[in-house]
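Two complexes follow with subunit A in common, the first pairing it with subunit B and the second with subunit C.
Moving on, here comes the complex of A and B:
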């Protein structure tokens, strides 16, 4: 029996923003004259021990807000985790005090962000930034933490780690900076590593190196789980065990990798997979693009959020919103087509 | 199907001098593009691929004659010939009075649709502006042309009076394409036109470009770092690395039988959607892309190449024909 490491139940995270558009006032009005934007709306999923979970979706679909909510990194105000539970190793992270959750950040759960150059402090040497984390969480001397930092850098496969320890971030390339950040994230042997678009700003060949590194980390630290967030479905398919597809703040489909790519169920997943250009060396036909655009989060359509672009919609889709239902043990989909 | 060349780039080299500082003495420069030759045939789509810093955008700027505006201090060598009915253009000897005709002939679409549109200009005026610049036609005709263009690029006509901030990224990119096509150019240069867009919107824009190309017999120079996109849209592909073409040929050939080790590695680095039973042997390159200021001697790729031997440090590989119509620059082949 696999153990659940993290379980998210009915998480809703909203942002209260000033209404500067002049419209939408009648809906979602908030007492203080702000409008509420539900970036993540009532989502539930679990991460098992030793699993690599991928979250895919277009911009604004709520991938990053979900990740930030786990570590309670949502800036308040304007954001607010409105409801739900985030159960990590049996404890609800949302019920912890600020000091308690800070103890989790970087030690139990750590995070890698998209833009490596803005995640590092430009004024501190790379080595110091790695050893700083170690000294914050463990009671180690300067020398010991330095040694441990060097070891971590070596593990991330950075060329000439001794030299890099004494370099400033500006002199490192994007790929090397990302490796430093991975070293920082791994410093305390976290149980969960959240990587938010870790390779998006990197070149294709470097991207592959970082993916391989994440895969290696996983195979070395058998109990660690990884949540990998990306807009690139193909990239997720490289290393993930399970994939979640999000659209406009909701989960469309959850399935293991194989099912997701061979037997997708939700019309959005199907459309997304069809619209990817395939490299097969064959004469190219037109891409099957999904028509229309992602809806405005402040002005969502009635009923299912995807119904304005869905090729398979029927009356019910326009009146009420489908729930995420299980069609097999590991496969969940939120679409009326699959309602029993 | 052979058709005549519309653009011939011959031995193009572009270098940017580095600013001299206290510590720099002597003339250091970045050779962004070195000895670049490429023929583009009428009605085709040429894809230019490479990682950041390989010189793709410099080629775009050189071909569209924008370098002298963006970096007047750059040194440009080589020649670019453009052909069109009756007359032809030639860079670098393009005359001031030819510039207007040249702009009607070649138009550019840039990566970021947010910064390509003036936020204070309505969509209609943005598309109209190039028409007013180059042609003398009355208001009604102009309006008609704009409406046609909006329709062609899949936009609603009532967007005419809207401002860019009211549009989504995909819609803006359509406006930028409509504006580029407003003067009926023969060549469209698209520099990463879909990189800033979401996956589902990317596919729409790629389809649009392909439809427009058929309809207007456009020649497209399509630049991207995304190999999957380039493979989809291009009939011919040139792969660049550190300012040089390492391999070029028909798109199917490049993807079915990549020869240059860099092309092989680049192809192998594309994440592919999961397909059962597909054995995947990945080539993962070690190391990083060298700095263009300080390129390796001999073959520029040798520091990361899995085939490299000692001779690669000495001989600069020439681009030579390996099979019919396919060129690669590697001495190991």
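Moving on, here comes the complex of A and C:
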């Protein structure tokens, strides 16, 4: 039986924002005249040890907010983790004090961000930024942490690691910067690595290298799990074990990679996969886009959030929201079509 | 092989290189630093105290130590007049000698007995820039005034920027209501009529270098705080801060190691202009008579003497010229720094 490393139960993260449109009336009024936007609405999933989990979805579907919630990086105000539990190694991260959660950040759980060029302090040498994290969490001398940092850089496959240690971020390429950030993230042997669109701003050849690097990390470091966030399904299909599809702050479908791509259940997943170009010999006439647009998060449709765009909707979809139901042990979908 | 050309240099050093390439600013900086250093050993070049006196086979160094006139066998009170002593020794031809600085007049010395005519006297061979209304040598006073002015400008700028940066950083970092209230307080503070308060304080206490610096600092730190605040606001929302935070770095460390160093561009590029402005403030206060206490060599006080009667042109032209050159050099430095930090320098789009 595989062990659960991280279990998220009924997580809801909201943002309280100023009402400046003045048009939408059906909102949950907040005492201070602010309106509540549920960026992540009552989601649950788990990450097993040594698993690479992909989270996919359109912009604004709550992928990043989910990731930030795990490390409690949601700025408060305007954000707030309203309810739920985030159980990591048996402890609820949401119940920890500020100091305790800071101890988890970077050491137990670390994070890689989307924009490598702005994720490094432009005034400090790359090597120093790696060794800084090591020194934050371990009681090491300057020399020792420098050596460890060099070791990490070598592990990320950066060319000429000794030279890179003494270079400033502006003289590194995007790929090299991302490798430095990965080195920082790995500095303390985290059990969980959260990568938020780690390759989006890199060019295609470098993207593959970075993905390969993440995969290698997983195989080298036993039991390290990775949560990989992306809107790029093809990329996720490359390395993930399990994929979660999110839509408008809710989870549509959770399935292992193979099931997700061969037997998707949720109409949204089906639509997403149909809209992907395939390079498999058959030249399709047109790509099938999903009709309509993502609903306004402040003005969600009644019932299922996807019902305005769903080709298979029926009456029930418009009146109540479906729960996540299991169709097999590892396959969950939130759609009334599959209700027993 | 790593050669100098492709070595990664720090962004700050890059700016320094850029600054050095702007000749006007770089040379101004060199000249100003050189003059400022010299001004600390100014008594060796201009002053009333002899550098070396040989008397009765013994050597004395009056520039370092006070000797009463009786020490050298002259029957006058107080400190010896070394110019007089020099003439004496030369007349005696006894092997004793006095070595005077190149320009043998002090800034505070009253030369009533030595000048020809009623002071202020116009420039002459002995007093190349003339004397003022108390028969003090203008050149000597201008030279000594340089150190006072520049020291004052730098000191006030340093302290007020320190306070302003700290205030701006705290406001920008905390944000929210704290920031709103803090800013309003700063705005209220900056509407206080500076000049009137200085006049009131000057009439209660005798102002000196320290008191004037404190007053100018108290009323001069607000400007930079706005810029630092805005800079910190921008900087703290950047990914590297979040990245560092998510790696478990403490907030204080992030503030001091990451945010503040990256927010210092306005501090550096405003500093020379602030120095110039503070020197101007000192000159204005001296001019109005609320500045440094009377015997102190001050540019503004001399100018006010000149403007009382424009026919004493040497009291107008020379102080103004020295002020102009000093401020110009500082502004050139400021221009160089501003250009060095200009991110759009080479974009040329707009």
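The working rule: the second predicted complex is superposed on the first by the 333 of 340 C-alpha atoms of A that agree within 3 Å, B and C clash if a C-alpha of one lies under 4 Å from a C-alpha of the other, contacts with A are read in each partner's own complex, and residues count from 1 in each chain.
Definition applied: contacts are C-beta pairs under 8 Å (C-beta built on N, C-alpha and C of every residue); 3 or more make two chains touch, one makes a residue touch a chain.
The model shown is predicted, which means the values in this text are computed figures rather than measured ones.
Student: Does the subunit A-based superposition show subunit B and subunit C clashing or fitting?
Tutor: fit
Student: Looking at the overlay, does A:184 come into contact with subunit B only (first), subunit C only (second), both, or neither?
Tutor: After superposition on chain A, A:184 lies in contact with subunit C alone.
Student: Would you check which partner chain A:3 touches, where first means subunit B only, second means subunit C only, and both and neither mean what they say?
Tutor: neither
Student: Taking the superposition as given, does A:212 touch the first partner, subunit B, the second, subunit C, both, or neither?
Tutor: In the superposition, A:212 touches subunit B alone.
Student: With the C-alpha centre of subunit A at the apex, what angle separates the C-alpha centres of subunit B and subunit C, reported to the nearest 10°?
Tutor: Approximately 80 degrees at the subunit A centre.
Student: Counting only touches as set out at the top, which of subunit B and subunit C does A:142 meet: first, second, both, neither?
Tutor: Neither partner.
Student: Which partner, subunit B or subunit C, is in contact with more residues of subunit A?
Tutor: Partner touching more subunit A residues in the overlay: B.
Student: Quick one: is A:113 in contact with subunit B, with subunit C, with both, or with neither? Answer first, second, both or neither.
Tutor: After superposition on chain A, A:113 lies in contact with subunit C alone.
Student: After the superposition, what is the least C-alpha distance between subunit B and subunit C in whole angstrom?
Tutor: 5
Student: Do subunit B and subunit C land on any of the same subunit A residues, and which?
Tutor: none
Student: So in the complex, which bits of subunit B are touching subunit A?
Tutor: Listed in rising order, the residues of subunit B that touch subunit A are 51-52, 168, 170-171, 198-204, 206-207, 210, 225, 227-229, 231-233, 252, 255-256, 265-276, 282, 284-289, 304.
Student: Which of the residues in subunit A end up touching subunit B in this complex?
Tutor: 58-59, 159, 173, 175-176, 203-209, 211-212, 231-238, 257-258, 260-262, 271-273, 275-284, 286-291, 293-294
Student: Which part of subunit C faces subunit A closely enough to touch in the complex?
Tutor: Residue list for subunit C touching subunit A: 2, 8-12, 176, 238-240, 242-250, 257-258, 261-262.
Student: Which stretch or stretches of subunit A touch subunit C in the complex?
Tutor: Of all residues in subunit A, those touching subunit C are 71, 73, 77, 102-107, 110-111, 113-115, 118-125, 132-133, 136-137, 163, 166-168, 170-171, 181, 184-185, 187.
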